[in-house]
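What follows is a set of notes on a single structure, which appears directly below.
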Amino acid sequence: MAVIRDVMPAFELYQPSSVADAQKLLEQHGSDAWVLAGGLDSFDWLKDRIRKPKAVVDLSGIEELRAVRTTADGIEIGAMTTLTEIVSHPLIKQKYDLLAQAAEVVASPQIRNQGTIGGNVSQDTRCWYYRGGWPCYRAGGNICYADTPEGRNREHAILHADRCVAVNPSDSAPALIALDAKFVVRTPKGERVVDAEDYFIGPDIDITRLHILQPGDLLTAIRIPSTWAGAQFYFEKVRDRNVWDFALMNVASAMVTSGDRIERIRIAVNGAAARPLRLKAVEDAVRGKPRNAATGEMAGKLAVQGAVPLQFNAYKIPLMRNLVKRAIGGVEEATWAS
Amino acid sequence: MGFLEWATSPWGQSVPIHIAWFLIWVAAIAGFLFLIVHAIWLRYFAKPKEFAGAASPEVSARIPKHVPRHSLVARLFHWIMAASMLTLLFTAFLPKVGVQFPWVTYHWIAGAVLTVSILFHVIHASFWLDFWSIWPDKIDLEDAWRRVRRFAGMSAPAPRKFAKYPLENKLFHGVIILCGLSVILTGVFMMFRVRTIFFPRNPYLFSNMTWGLMYVLHGLAGVGLIALVMMHVYFGLRPEKLSITKSMVFGWMDRDFYLQEHDPERWVVETPPSSSSSSPSTSNRVEGRGLTDAG
Amino acid sequence: MDNKKVVDTAKASDRQYGAGYKLIGKNYQTPDLYAKVTGNAKYAEDFRAEGMLFCKLLLSPMPHARVRRIHAHAALAMPGVKAILTADDLPAPADTLTDNGTVIKASKWGERGLTMEPLYQGEPILAVAAVDELTAAEAIEKIQIDFEPLPFVVDPLDTLRPGGPNPRTDGNVWTRPAATASQGPGAPAVTELKWTKADFEELKHGRLPLGKAPDEWSYGDLDSGFKNAALVLDETFVTPDTSHQTLETRSAMAYWQNGKVYIHTGTQSTAQTLPAIARWLNIDAEKVVFISEYTGGGFGSKITGGVSMIIPALLSKKTNAPVMMRISREEETFIGRARPGFQGRMKVGFSKEGRITALDMFVICDNGPYDAVGDGPSSGRIVSLLYQPQAMRWRGVTVMTNTPPRSAQSSPGGLQGIVLMEPVIAKAARRLGVDQVAIRRINCPEGKAPFGPLVQGKRQYATSAFLKEALDRGAEQFKWSERVARTPKRMGTKVRGVGVSLSCYVGGTIGFDGLLIIKPDGRITFQSGIGNLGTESVIDVHRAGAEVLGVPWEKCDVVWGNTTKNLPFTCVSGGSQTTHAMTRAAYATAMDAKKKLQEIAAKKLGGKPEQYEVANERVFRKGGGASMTLAQAAKYAIQLGGIYDGHEAPADVHKMTKASVAALAGQGLVAAAKDNYPRDGSTFSYVASFAEVEVDVETGKYYIVDFLASGDVGTVIHPRALGGQMLGRSTLGMGHAIGQKWVFDPHYGEMVSKRFHHSKPPTILDVPVDMQWTALDIPDPETPVGARGVGEPPVAGGCGSILNALSDALGDEIFQRAPVNADTILTSLEAGRPMQHPLMAHI
Amino acid sequence: MAEKAGSKISEDAPKAVSRRNFIKGVITSGVAVSSASYLFRASTVMHGQQFIAGVGERLITLNVNGQQRRVDVMKQETLASTLRYKLGLTGTKLGCDRAECGSCTVLIDDIPYYACSVLTHNVRGRKVLTIEGLASADGTLHPVQQGVIDEQGFQCAFCMSGFIMTTVGYLKTNSNPTRQELAHGISGCLCRCQDYDKILTALMRGAENMRRSKLG
């Protein structure tokens, strides 16, 4: 059977106006259903005709999912809040700027106008073999084409690879981990709140998904506690092109210092593994240390321990080392006065 | 629904990638049904076992209280194999039925252990144990035919007592060999597709089709093992087989059970001069002799 | 993270051009702009026709295979499916009859649009026409094809290895039979070439093997050049394959009416696409109507459109309905053409002042599976011109691979050759302690500079070159010395570097026709056969004609984009020839009109033609007296008939022009002329490009901080359009330095970089927000208006200046290939030496 | 499915209204045959979708360039397809159909979106503005369009309508941008002629024209 791309298959479209209705629809259609948030990841799958769901459940009409609310302890961001709304939200800018910084470098302005925070954290990997429709592990097959002797794997994982070497493409995910966000998941059994870092899973656990959502589950909101409000933040994304490019790697850290000592810190990187990695060992190692280049240096080296490069991605090791270093020790800004 | 999962290769060719996972349930249910049916049969319908002939009293007298059956090495092998097999089955199939954990590393390590232990067993059994004792012989086949006739209500002489291993045991071993070697052989090659300590990864060692068939074989043998292991465990736990099970734990078998089911002619047990103890060295020696006896 | 400007540069567009002219050198509003800006401009896919069917392509999943059998019953049985077109339905390739009557046999290796032996993954096998795209797509999914996989190769070096696979069943390289005494070199042929194991020893040292090369030329004494050199560098470098990625894909719509086929698709050259279609369809050119008013980019990929356009034409014939073929971006990636990547090696000898004493150049050109591209030979000629080595040898192999077909892309061969050369020059300057501008200044061409091989004791030469002036102007405007002297180079983790690159390419051809009518209402209509791909040469060149006739631009109309609109024989709009060739033709035509006006005035008002002048929309006797308006003259022309109103055409114009003249006859004063002006030398345009980059050595990320292109491009015709070309084409070149590439999985021979986020065409944030350009505006002495072409010349400079700025910042031990990205920079900095496989293709 | 074919409630206010029209999706039979079934199968052959006679939810009303347009829209249809192939608004271009080039950018409620990646059914009740709707009814160009004319912005212009619409949308959030800011604002549009410098100059001119026209 020949393959053809770029013609969207016919499907039935459901546009529920409440989460409960959406859940009912998902339950009703089971594995034939496809959840549509902003759609920027979904439409690739559909237009490529690799996935042909019978029922598409469009969440864009659910008002309750699209808001930034203040809570007793921080804020709650509806999963369908767009990245532009996050970038321009005054409270987020003021207290949780780390997330705004991350959201601002996602893809392109139009994509940020449409793409949602829920979609950004739940999107699938962009491994070019997998997305090209190759029957790899992640697609249910029995091979990783990127991790073969000739595989082209410049953008693939250096850590925690398990058969599959794809990486998570999200820019907001590490920021949310650094902010100690909680993800609110509505399952058929009820609501479940998980730590940001536990929302993501590697291929060792489930090789076909990047997150914990099972068919029928919905990510409804992301809660950011006030724990890190107004902390010192660092976000950096390294990419080839300055628009429309996924991170080769990114880093996010939230830090509270007293004097020059690091009192509390959370740090995460993405683009290194199939899930955004919270660097707990680094956090433990730098706590109580002065915030300076030497500490950053040490942290960077610690962060890349155990990294295994593939043929074309060895650069990710110094990249991760340096990004972690900068996230902790800072960057010396260069200003060439004329 | 097909028994195989197919995928379209990057070149647009249809290739099998593995078995359809519902076969896991087929195997489990089949295994379970077997043991239910068997248990019911045994409880309500089966006639008591009948064996032709009985050991002569002098032979019986010669038999020690504890008949040495499995050397420590053999038992160690069995239990290592059992542990690795169970690990393999659980790590293989639990994730497929929704219990998610990082299984691959455990799986290949257990696979490596199983492979090594089986290699050891093949060598050990070939050169140190009574190699032929586990294979059905002519009498087994004749007796099997007698049992079938008797089961069908036809007349046939009573089957004779067993040699060291009952026929079921031998048959089970045979099937296990088939499935075990299949998973091991395919599994060893499959290690080229994951990161292990053994070889550099090379997923392109074989063609897509060869790999696909290998995965299918691995899967089929694997689900086969689900049923087989269920049966094995079931039999191991059945009260009338406990003596056999115990022998795999302690190395020896009760004299009574031995005399009841086994034919001292076919399974010659040489009495150690001093005692009936089943120290490893002793039983080893006894079994070692068994080899020459069987020749 | 934004680009931070440090040195202020004057905005080039402030400069005034066109001194002494009314139209030439002045900005104006092109007549196609209003339609574009309101969304009313119709590109091929914007057309529709009653009862239109839609076709979709089935692409080969394999890089090289033979189609054994096509099972299409299920697809054909679907409601709504109208027809399937396979290679068996294609007409036999037609031979070409050249204008001088020579028959060029159709190549048996040529591309035909559909095939039964796909030579690259993504090559169309068949097309399905159906009532809508969804049905066509579902029909294709029901088709099964039995393929027999055949050997394939995606890296040129792999097929040159002993025993390496051949990309085509009959060979792996294009060779050109040697010229005989009576005839020039024959048509290129596919043959087999394998290098020896000994040749490949070089690869182990990261150097390009120098095996047998089918093409070779030289001049001068290479050996003594190297012997006398103060410094000899021997560098291997790889340039990327880059898709043209025109934003408009090669979608096409076709229908048949009264025995003629009407085709809508994008092209770079309206007039020249007509014969190409006739050849592909193997029908008479008179039976073809071609419409292409707007084209969404070409860059060399649509010189005469694409052969794929015959698919809807043939399906339309088969179904007796209009057929639209909408080409998707992914399909365009396969069939949309690309620049061939080079694997090259340059051994260069320098005197201690930096003068190039000897150059031994060796290139492998990754040609793809079809017709031979000229990039290899072109690279040698351009390098020989631009750097004027005292002695030079060029060797080249045009290797075939099972990768998508290549074609010319802005500065074909020029970019690759210059990009192989520039890093070597930069390195030499550092080694010799010579300034980067100075070393280029002493090597660059001047005046009638020679280029290419020595043939029968002679070398060809350029019409002119004022590159030294362009270099000086650029260096001054870029404040080169100031930037070089600035310290520190490094602050924190950021390092700055400046780079300069020379650049040039062919800037024009000669011998084409022009055609205009002065209508009885006094307006002038210029018939333009140039394609409208956005360079505006389709309109701009006619400003030269209006200038000659002294007619205000408001009184001028330009007709273009439709072969029924009576177009003259026009050059193909590629290779930067148009502005040069067609201003000449426009000039000649205006002179013809002027002559006719003078003659008409003399006939009507008495006296001799030369006593009359044409200006201010009038023909008048010199020194005052009798005169007539152009409107009157047009009416008289109709009365006079003959040569005046197009009932007779000049003998020397092309038959296409003659037919157009005949069709326009009687509508006014018809002027038509062939460009017969002499030209001493070959025309080239030149650019000196300057760039500054800022690299973060911890992330490998860099920004282009500033860029300036300074051009020696002849007379400036339309400054804004020129600026668009100078900077636009420079940026196309930059793309080669900063990210554009192909990535192939070599095991399956399949492209994995199918999306823009893989192949990385530059975005607006990848270039400085305030780029600069300037042009000398020195007329070329060998052409009437003095204008030269500019599309290609800036391209290589865009790439070369960035690469040189990067090596200025980071040193010579970072990269041996382009593009250069964070991965290259970080791994090499980490290791202290160039780390990427220097010669592996498509990584 | 109580809504009648073409009733306002079913088309334009589905989100505000409630469970009553939860599970929309059931589509029409042949009553709503589009006269312009262009790229999409005419309603007769819709496999995989249910048919309920007389209910016309596929026939919807869109607000495009200030006009109410009735149009038959497939469930999987993107806004770009509807605009180009059903409404004849071909000024919106498809350069990649994958949200990677920006040529299809239109404004939906004043915000720039890639029309190739928005389902048409999603813009019911929202205001869509395309390049064709930018100039005034009397033909006066929008200040941004005029800026492009003034500076001869763009070459092949295939990307032009996307750039212009993006600029118009961006200027609503920042009417007096620097070159750098505007470059960021329009960075979601790709120009393969790579005419970025001239485009930016033209669009800056457009922004200036706009500020002037507001003053005037």
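Letters A, B, C and D mark the chains in the order given here, with residues in each chain numbered from 1 onward.
Rule of thumb we're sticking to: a residue touches a chain if its C-beta (ideal position, glycine included) is under 8 Å from a C-beta of that chain, and two chains touch if they have at least 3 such contacts.
Nothing here was measured: the structure is a model prediction, and the numbers come from that model.
By number of C-beta pairs in contact, the leading pair of chains is C-D. Rounded to a whole number, the gap between the C-alpha centres of subunit C and subunit D is 34 angstrom. Rounded to whole angstrom, the centroid-to-centroid distance between subunit A and subunit B, based on C-alpha atoms, equals 48 Å.
Chain centres here are Cα averages; for subunit A and subunit D they lie 29 Å apart. Per-chain CA centroids place subunit B at a distance of 68 Å from subunit D. Those residues of subunit D in touch with two or more other chains are numbered 41, 97-98, 100, 184, 186-187, 190.
Residue positions of subunit A with contacts to 2 or more other chains are 1-3, 6, 9-10, 132, 145, 148, 150, 242-244. The residues of subunit B that reach two or more other chains are 10, 12, 204, listed in rising order. By the definition given earlier, chain contacts exist for A-B, A-C, A-D, B-C, C-D. Subunit A contributes residues 1-3, 132-135, 139-145, 147-150, 161-163, 201-202, 204-206, 308 to its touches with subunit B in the complex.
Subunit D contributes residues 37-42, 45, 84, 89-98, 100-101, 103, 130-132, 134-135, 141, 145, 148-149, 151-152, 154-161, 164, 179-180, 183-184, 186-187, 189-201 to its touches with subunit C in the complex. Partner subunit A is touched in their complex by these residues of subunit D: 14-19, 22-25, 27, 41, 46-50, 74-78, 97-100, 102, 105, 111-114, 116-119, 121-122, 166, 170, 184-188, 190. Contact residues on subunit B toward subunit C in their complex (touch as defined above): 10-12, 204. Within the complex, the subunit C residues that touch subunit A are 1, 4, 6-8, 56-59, 61, 133-134, 136-137, 140-145, 328-331, 486, 491-494, 496, 694, 698-701, 738-739, 743-747, 750, 752-758, 760, 762-766, 821-827, 829-830, 835, 843.
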